[in-house]
Amino acid sequence: MITLSHFMVVSALLFVFGMFAVLTRRNAIAILMGIELILNSANLNFVAFSRYVVGGVAGQMIAVFVIVLAAAEAAVALAIILDIYQKLGTISPDETRELKG
Amino acid sequence: MTPEEIHDHLLDRFGGDVVTGLVQSDESDPKSPVIYDPAQSMIGASAIADVAMFCRDDDALRLDALMCLSALDRGAHLSVVYNLHSMAHGHVAALRVDVPRTAAVVPSVERVWTTASWHEREAHDLMGIAFSGHSDLRPLILPEGWEGYPLRKDYEAQEYYRGMKVPF
Amino acid sequence: MTHPIEAFAARLRTTLAQTTETLELGGRWPEAIPLEGLIAIMLVLLAAVSVALIAVVPIVLVLMERKISAYFQDRLGPTRVGPWGVLVTLADGIKLLFKEDLIPPQADKMLFRLAPYVVFGSSFAVVAVLPPFRSTVIGNLQLGLFIYLAVSSLVVLGIIMAGWSSNSKYSLFGALRGAAQMVSYEIPLGLAALMIVMTAGTLNMQHLVMDQVGGIHRWYMFRNPFLFIGAGIYFISSIAEVNRTPFDLPEAESEIVAGFHTEYSGLRFAYFFLAEYANVFVVSGICVALFMGGWSSPIPGFQALPGIVWFVGKVLVLVFVMMWIRWTVPRVRVDQLMAVCWKYLLPISFVNIVGTGVVVLLEREGWGAELPIGIGHMMWIAVPVVLLVLGLLAFSGTAPVRPRPTTVGR
Amino acid sequence: MAEPATRALRTDTMVLSMGPQHPSTHGVLRLELMTDGEVVQDAIPHIGYLHRNFEKYAENLTYPQIIPYTDRMDYIAAMNNELGFVLTVEKLLGRGPRPVEVPEKAEYIRVIVCELNRIASHLLAFGTYGLDIGAFTPFLYAFRDRETILELFEELSGARLLYNYIRVGGVARDFPPEFHHRLRRFLDYFAPQVDVYDTLLSNNKIFLERTTGIGVLGVDDCIQNGWTGPNIRGAGLAWDLRKEEPYSIYDRFDFAIPVGKNGDCWDRYMVRMNEMRESVKIARQALDQMEERGLLEDENFTANVRGTLRPPAGEIYMRTETPRGDLGYYIHSDGSDRPARVKVRSPCFTALSALRDMSRGLLIADVVAIIGSIDIVMGEIDR
Amino acid sequence: MSLVLFYGFVGLALTSALIVVTTRNIVHAAFALMVTLFSVAAFYVFLDADFLAVIQLLVYVGGILVLVLFGVMMTSGSLLVKLRAPVRQLAPAAAIGVVLLGLLLHVSIGESPWDQFVLVENPDGSAAAAIQGSASERPSLASLATASVRPRLSIAYASTRAQGEGPADRLLEQEVATALIGAGIQRMYVVQSRPDTLNPTRHVVLVEKRVTSLVDDHAEADISDEELASVREAVAGRPVDGFAPAEVSRPEMLLVTGADEKARVALIGDLGLREVTDVRTVVGLGDSVMLGEFLLPFEVVGALLLVALIGAAVVSRKELEA
């Protein structure tokens, strides 16, 4: 029987993987992927809770908003990454230290 | 204007030392006449660029179309013949430059007629005449690193080209 | 908690009942058949239908394309294999089967192998949504149309995967072009489908078709002028979605050889080939279901033949038009392709959506109630007026006539 | 071309090499494209893949032996190549002791044959240009009609593409019986066909979109770049050697020269389409004049020159109008039976030389359209 | 059978997530992300949120991932840059990860508080009462039905056309009846709506002669003509209780009359359970809900998307004049 805790375990793992990617990856786009993973795990939890506990469609609605925001965020992030790549030729977060004092 | 009149026009413009002579057909001996259909005005090697610019820009001549640029191997020396045509007046003329076989250098007329750039590169590839002032004299028809100039009478094909046997 | 199974079994019973009802066997299924038996029957049915579609459809379409293109070009087309060349696609298939599956040297082996399956899979997944029969056997999905849009956006990923992994400039070019084209043409496609959802109020394909039963005047295409233009936009963007001329830039032979499947050969190429023709069938199937009344017959009151015959007939008409366009019209340039989508199709579809919204609102307010025919149909009267006005506008200023070369006598 | 210093940011220009085996380069041309995304920054043509050095052959062969080699240069309009060479030699002989008298029937046969070859060449140009732009069907129609012409040539000269038919002093073989009936039937069939092709491709909205305004070259740029033939007529200059310097008996025919307006791909294409109509007119007039003068029954179709051909020493340059432009032969003879030097001025050679400047800043699809519109044949460029 | 499928997708999601985090080749990471997103969509289907699953497929996999892939292609020049951080950075990150994971797992597996009660609403919509439900078992309908308050119920799918008499149907019928009784509803009419052939915008509504009385154990009785007329009038052509006629065109529909005899229309989706909020049932997420309570947030998010779109275009515009 698939219970709520099944989904919570899965989303926890996804969250940790995403965070690990964000912390360790040396490529801006890989970090972006990490963020996507984190957002997805959050979504999963929202929907799981709305299904098992709260009932109603509020949970799913929040998930839709998160997806939409992720789209907007990805678009702007990629635009910035491309611009950095144009300017500096590299998108690894360590080497882009232009703003450093 | 006939080629001869054009020759005279050039003569009084540039003088004898630049326009060195007119090569005309002479049918004195009916058995073996020598025919030069467009009579050729001999031009000194170094001055060809200015003469060409004059031929194109002078109102009387206005030879704005370079019909054909041919490189010939006349044994003792190499020569480049420019066949010109005027779209406006409709007349035809020919200039000729002779250069010694060893130091075959002719100023480039690329700036006068754009089409000359490929013709000169082809002449350089096949006849070995270097055109000074040409924008990029890379080999056009022959592959890179091909030794010898095929159209010269004394041309010997090289034995190997990059490991491939040449004379089959 | 076994609720999905219960729901599944319940729907299974209803659909089986419907099928037996249509086959006049009296819709009562004995309770004796256990749950597992029902499920087994259902899976067998599903498999039979999908295999039939997967196997038969591309073969017929490939043969149809070669024969029709031949007659357009004043030649005979394949005639050697089988009577009138009917078995030529089988021969092709066998040939591709035995051809060597090359993998280019520094190619990304794993992705290279995976790409054809992604493209092939997502093209065929959409078959589940098609409503070809009167009583849906495959799946009475509440979100049929929406699932179609989602799954058809997966093909883009397969194309990028194929282009990237074959490690050659040409295929990368083709893949990026294809991806850009399909992503941007999804929007007009989606908007056109949205118009139908607005008028019908449901995403379930079977309900859409049932709303169009009863003759050609019931078809959404002719419901109101906005939907008619919507059908046009849908058809154009579906041609772009399937990468066929005049939008076949991803495989523009004259520019980038064969685009993203340049490096593929043998069976993998067969997958791409089948996927393309399956896509053509699926896209025109959806167009028929949405705009041209699915399995209902165009003649009011005459539904003698079973639904599938009407459906496949209409699909073949649409496919014929696609092939007709392919063999007459040249190819569009990349920037013109994007211009058509962003500067022409999108603004028109926005206007259409507003128009359809207005019509739906008026109908809901009950405006059309007392009129003899629906308000949408009444709108068709406005069409000639609009065309007249546009005509006057166009020819009032002297449109720049194409300067024909003058033949100068000498 | 050095990277412009002003561009601070590193653009990822990708070098894409198109050819030598490529469906739209009309033969073995390699185009080195520096592209930034789809936009072409520089297109450097590399030629020489089909170089057999015709000029070296010519120096070691006698004049009649050279004729088959002239076919191999522009293998799509071989008759016109042969005519060019043969007329130049006859002109040189004409100035010498033993001029050659070409019989009138041979002159007419030569004109008919060259105009038919012009139609066949333009048909090929029309068909392949449709393919370059993406329309597949016109190619089939063009080649179906071209087939009839090739069959006529096969009947006449034994070969479909490389004929070796025109000889110094006349032609190799006379018209076979009933040939002129088949020829007339083809001309009557073909005249309305060109209008069919117009409806098929020329006025198609997408074709117009793809070709108008692309690859524009003004008249004086054309002259500078040495463009001739349909390419310069497309730019608006009514320059046709058959009218400017009438050779053989072209002055007996009345035909028009189609001229374009703004020198873009569409105009060059349209000039070729109208030229086909004019060639049909010329061929018909030639046939009528042959019948009026009773030449069909006349036997002598060649002056069959005795002994070895020894034109007088000297240098001569003459040019004729081939489907691709002015084909010039520069012959330097030293009086022997072998020419000392034969230089061929090829129209496609100069047409391709302008490609690099024209294609900067355009898209790849436009470069393909331009190559198709200038109608080049690599055999003639590489020689 | 669905459990096996579920664990399959869990395995798929976790392995591909691992690939996204650890692979050296950025493109492999992108396509592994595709697999992860795909399996998350599958989880949504398991959670009955199929509308959300399709949105995820369309927006996430079809949109954002293609965007990321384009980003990867554009910056592929930097593909070979080392993706692995030096060990100096790996250790602390791994440590944080493990600690966080332990915390989350404890919360999700151990005896966590919210298994204890089911949130229900009082008739006046005020405070939620707690009902001791069995820990992991989803609260069964029966236990809810007896609650005195108006519960948020799930109405099992009841096919009104097939009249199936199989054991599963009987059970479903039973659950529906108990749930409706709990909501104070006595009689269940079966309404069939077919598009009117003459006038396309109107719908002829056939109301079955038989009615199922919920109270005395599903006795089927014919109803009098005037009651039939009243029900037909309640439904045909006029919006009933907030549903426009278009809604009425659905073939499977269940009309229930409340205790106060006011006819209410309940639309039953055919894919398993649907939440019923005070009987004005809502079919999944796709319909009026989005435009109902969540209209304003949707407008705001739409505006935000537009701003992001324009911003991205402006930022990534390559300086042509350079």
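The letters A, B, C, D and E name the chains in turn, as written, and every chain counts its residues from 1.
What we mean here is this: a contact is a pair of C-beta atoms (placed from the backbone, for glycine too) under 8 Å apart; a residue touches a chain by one contact, two chains touch by 3 or more.
Only a predicted model underlies this, so the values are computations on that prediction, with no experimental measurement involved.
Looking at which two chains touch through the most C-beta pairs, you get A-E. Distance from the centre of chain E peaks at B, each centre being the average of the chain's Cα atoms. Using the average of C-alpha coordinates as each chain's centre, B ends up farthest from chain C.
Central chain by Cα centroid: C, whose mean Cα position is closest to the mean of all protein Cα atoms. Chain A and chain E have Cα centroids separated by 22 Å. Per-chain CA centroids place chain B at a distance of 65 Å from chain C. Look at where the CA atoms of chain A average out and do the same for chain B: the two points lie 71 Å apart. In chain A, 1-2, 86, 89 are the positions where the chain touches two or more neighbouring chains simultaneously. Multi-chain contact residues of chain E (touching two or more other chains) are listed as 2, 51, 55, 63, 70, 77, 137-138, 284.
Shown for chain D are the residues in touch with two or more other chains, namely 9.
Remark: chain E residues 2-3, 6, 10, 13-14, 17-18, 20-21, 26, 29-30, 33, 36-37, 40, 43-44, 46-49, 51-52, 55-56, 59-60, 63-64, 67-68, 70-72, 74-75, 77-78, 81-85, 89-90, 93-94, 96-97, 100-101, 104-105, 107-109, 112, 114-115, 118-119, 136-138, 152, 154, 275, 277, 282, 284-285, 289-290, 294, 297, 301, 304-305, 307-309, 311-316, 318 touch chain A in the complex. Listed in rising order, the residues of chain D touching chain B in the complex are 47-48, 51, 53, 55-56, 91-92, 95-97, 220, 223-226, 237, 239, 244, 312-319, 326, 328, 330, 332, 335, 340-341, 343, 345, 349-350, 353-354, 382.
Residue ranges of chain C in contact with chain D, taken from their complex: 69, 72-75, 169-170, 173, 245-246, 248, 252-257, 327-336, 402-410. On the side of chain A, the complex with chain E involves touching residues 1-10, 12-21, 23-27, 29-30, 32-34, 36-37, 40, 43-44, 47-48, 50-57, 59-61, 63-65, 67-76, 78-83, 85-86, 89-92. Those residues of chain C lying in contact with chain E across their complex are 1, 3-7, 9-11, 13-14, 17-18, 27, 29, 31, 35, 108, 110-111, 114, 140-143, 146-147, 149-151, 153-154, 156-157, 160-161, 164, 172, 176, 179, 183, 186, 201-203, 207, 210-211, 213-214, 217-218, 223, 300, 360, 363-364, 368-369, 373-377.
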